[in-house]
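Shared between the two complexes below is subunit A, which has subunit B as its partner in the first and subunit C in the second.
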Partner chain A sequence: MNRLRSLHGPALVLAILAVLWVVVLGGLFVLKPTALSAATMTTVLQFSTILALAALGQALVILAGGAGIDLSVGGSVSLSAILAMLALKAGMPPLLLPVACIVAGLLLGLFNGLLVTRLAILPLIATLGTFFAYSGLALALTGGAPQPGVPQWLLPWGRGTLGGVPLPFVSAALPAFVLAGIVLVFTAWGRWIYAMGFNERSARLVGIPVDRTRLILYGLSGMLAGVAGLVSLAWFGSGRPNIGQNLELESLTAAMLGGIAIFGGRGGVGGVLAAVVLLVTLKTGLLQLNVNTVWQVGIVGALLIFVLLADRLSQRWR
Partner chain B sequence: MSEAFLIAKGIAKRFGGLTALSDVDLEIRAGEVLALLGDNGAGKSTFIKVLAGAHPPSEGQILVAGQPVSFASPKDAAASGIATIFQELALSENLSISENVYLGRELKQSVLGVPFLRRKEMKQRVAELLKELDAHISDPEAPVGSLSGGQRQSVAICRALNLNAKLVIMDEPTAALAVAETRKVLALIRKLAERGCAVVLISHNISDVFEVADRMVVFRRGRKVAERLRAETEPEEIVALITGAHPDVRALEKAQ
Partner chain C sequence: MRRLNRAMSMLTGRELILLAACVVITIAFASASPVFATPENAATIMRNSVELLLIGLGMTLLLAMGGIDVSIGVVMGLSAIAVGRALGADLDPALAAVIGPLTGALLGLVTAAVVVLGRIPAIVGTLGLLGIYRTAIFVVLGGQWLSGLPTGLTEMLGTGLAGVPLSFWMIALAYLAVWLALRRTPFGLHLLAIGNSEEKARLSGISVIKVRFAAFVISGMLAGLAATFYVATYRNVEMSTGSTLALDAIAAVVLGGTSILGGRCSLVGTVLGVLLLRILQNGLLLIGVPSLWQTVVTGGLLIAVLSLEVLAGRLSFSKLGWASR
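Right, the complex of A and B next:
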């Protein structure tokens, strides 16, 4: 306990998440030894990729404060994938599919950003609105039917692995987290995000372009959702209008579990990635054990409360 | 007295139908501590916000070093050498001292357009400044959230110095401080003036003002009603000017 007490902030979060991960794996091993294999880990990382990308955007938006939250990530993932597929159908050269997907996500994110920064709508309300708009539009445009026709050359990327690690995880999620981590820790932009997240008034007083930074972060969250949409296309070979379902809540859970303070200004992205892997491991484990999905959601919720409680207690110790 | 660093002429500020300031003339000189006094709502805070670039004046002109200027933002004012330490101090408690001192104008090493921080240099420079100010803070990497009120004031003053400010505006720097801390901050203010900085100070504490200020200006109902050198006035007179009991103020208000 003393050792735990000496850990601060990010290190504490990572330690708790690592312990929980070992507990989850241990539990799974005891209950169903056959489930614990390299193939399971590959599956976990494959499922982690989309959530990781969405959670990174979510984390950045929350970190920048101003009650920032992006409830529309799930809708953005679905709609950017669908828009790209519809553009393909309408005659866009297939080579442009990745670009179309990412740009669509970026534009959806920037629209959120404009609602929040220019029209000063509370992010919770603005992105709740666009969450319904985006996910509704994805369903309406397709009548709920998957859109086939993803070019064949994209599939090896979506389904391939490198030493047991899925390619989209290595080439998209991991670099995104590393880049975000570098920007947050080593650059002036990172300091601005932490400063405005913690005390927006003071950030404005010292001349930090708060609104522009926030707009860019919402855009970035959308763009990451677009990348997640692209991963889904390359993985499933078709655009599913409901692929982003529940992503908003799961990404939010991952960000909170990963140590991002809901009021902004505190936390790092390393914890978020660890939380994503923990969450997906837990879900996969529960699936292997044939636990009802209703229970899965409840268990994830209990985990969130446990970690928040641990964080609160660790603050009291200090 | 040296030449005026900043001259404000006929400054007025209206918010809709409300006149917060009217026709204020003021000179601020280098190396001098000028105190602005007045009751709540007298217009002192509005006036320094005009000087700081936070509010554009409705009327009037500001000259800095003889040149007319117009500030659209605190950044413009900072570019003219005017730094403001607001009441809320504008510090980020989750960042370190050196990060706060450089916040918004970090030392950067641009790599492919990405502004990487030059942490070591920032830390060194802040350590020097803290030492110069005799601030008794040993670690520039300590989070500002762990500092006392007086120490936070020194960080804010460091920030102003680091901007190479020629005029530092302070809004009630000692309002929330314990006695020893207040002494420390007043000493810092004198030190600033000795370095050739002009200091404008808002305070409700008459004894603090008499300890540190060279000149005092009293605001009442949006107007400047009096200007006194410290050597030529008494706390009682200043209080009478603030409350409006002074005959000069009565005559002035009758004339309007």
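Right, the complex of A and C next:
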């Protein structure tokens, strides 16, 4: 029975998300039939890329348990993009821009990881502090102004499509999710993550290097944020200091909606990707209907609470 | 001299360090800026600390209990709108003053319902509420500021008692009430026990739900009280009112020595933490650091203090020859 449930869990999440997605699309079709087109889907996937990358990192950190959470993802996205652009301005060869952006993200993530694993600071406080430090730095270093000057050769990647699917989505977000899925399901290292999320004490007792694994996961979350920052650079052609705004809320919502248990040890990344597409479809739909963007943050917040309440209730009824 | 000694011994090491830090940065800023060490500026710092002192008091309760509320600043914003609307509708100022804490308590009730009854981790639940409340503020304000409010409330609360502003008396009263509740009633013991271990607290028969519920409502009410003073002082409310207060409060309380893992709290520490933060922010602004750096400084200070605390703890452990942790 237990096995049956664990097999059906992810499939159930995907089925529910698919139904919700059809409902959102149906609602959009009823309210504004012209909004439903292949071009809209391309836009949705383009907007999904950054959130997908951030949400994947968030999901992995939460999955590994230990009250894991990365509130700094949004700040890491902004700051890695800004740091890379400032380095470019300071004379770094343009060819190194992608590497610089990703490495900056990795370092920011590793700093979180060190605070959490080496200093044993509660993840929510540590990453709340770095969230304000990172997003504040991105604004303070630039005075809030966008940083222009992204090399021209990067733009075709950021703006191009392959058969209607945006290139960043095909080449960055999708491979990241596939890779994460394979690692989680088929490798010992992936199983460790589930094990430490499910019961950290037992994981330590059987010799899993919990702290090292967790450090790597925070680093990974930062690195994915760096990739997201790079996508934003290639897409907009400039570094925006507030590009990561609200990503902490949205990535958390996507992870929860995608079936990741808040206390770790349960859930898969497939659901997270589906949840990201659902969230962005909803946001794009609202935009198409000319609803003020301020509504987005409220709706995402309500969705987050709703998902967690539904999860609690379903556990009680089971 | 003996009285001074006794007063000093009431302070813990952490509080003494904070006090020393306040003195040191005050001297540093005073030598860097001629405007800093003036009575007017001291009054400004005190004035800027009012809301944070009240919200920090509520946050102390929450953190000591192992909870948190990142939406508390926006709760103050929403309460301020309620007070402003009441004043705008020519309500009696005394009534408008009560509407603040009332709205705050009501919103605290909502938070408690979500976090305590819904059994959602406080950080996630209040982050969701933060999003909802931000939209709510936009909807209620309709994208405009509330400004040019009637002066009735300002006049009522602007009066002093024995030469000291009314806000000071209210804050002192609030701290005294919370201190009594913490030290002289079972509530305080239960709150700290929940912070230590919710599971053990429940097993020992503490009504965990009731205590946690109460703490969230009290915190909301204090934010509402802060809103009343905010409106009385500034007589306007904008979209971003209160948006940085949650971080400031968390930073001040953690600086003050209240443990986020619960079980330990210090009201004196919170007061000193608030003062340190506000002196620092005021001084940096006066020596010409752009205000955009404020969140960086607050966030950085939070991380630095927590890291130093852990490192210093380890150092003293190893000196005494104890196994580290």
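Keep this in mind: the second predicted complex is superposed on the first by the 292 of 318 C-alpha atoms of A that agree within 3 Å, B and C clash if a C-alpha of one lies under 4 Å from a C-alpha of the other, contacts with A are read in each partner's own complex, and residues count from 1 in each chain.
We take it that contacts are C-beta pairs under 8 Å (C-beta built on N, C-alpha and C of every residue); 3 or more make two chains touch, one makes a residue touch a chain.
These numbers come from a predicted model, not from an experiment.
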Go through the superposed model and pick first if A:Leu249 touches only subunit B, second if only subunit C, both, or neither.
-> second
Please indicate which partner A:Phe236 is in contact with in the superposed arrangement: first for subunit B, second for subunit C, both, or neither.
-> neither
If you stack the two complexes on chain A, which partner ends up touching A:Val183: first (subunit B), second (subunit C), both, or neither?
-> first
Figure out whether A:Ile305 sits in contact with subunit B (first) or subunit C (second), or with both, or with neither.
-> second
Considering only the touch criterion stated at the top, classify A:Tyr194 as touching first (subunit B), second (subunit C), both, or neither.
-> first
Broader residue contact with subunit A after superposition on the shared chain, subunit B or subunit C = C
Looking at the overlay, does A:Ala203 come into contact with subunit B only (first), subunit C only (second), both, or neither?
-> first
Between subunit B (first) and subunit C (second), which does A:Arg266 come into contact with in this model arrangement: first, second, both, or neither?
-> first
Touching both subunit C and subunit B, counted on subunit A across the two superposed complexes = none
Spell out the part of subunit B that touches subunit A in their complex, as residue ranges.
-> 73-75, 78, 84, 86, 88-95, 99, 103-106, 108, 114-117
Given the complex with subunit C, which residues does subunit A contribute to the contact?
-> 69, 71, 115, 119-122, 124-126, 128-137, 139-140, 143-144, 246, 248-249, 252-253, 256, 262, 292, 294-295, 297-305, 308-309, 312
Subunit A residues touching subunit B - in the complex, by the definition given at the top | 183, 186-189, 191-192, 194-195, 197-199, 201-203, 205-208, 265-266
Hey, which residues of subunit C end up touching subunit A in the complex?
-> 68, 70, 114, 118-121, 123-125, 127-136, 138-139, 247, 250-251, 254, 260-261, 290, 292-296, 298-300, 302-303, 306-307, 310-311, 325
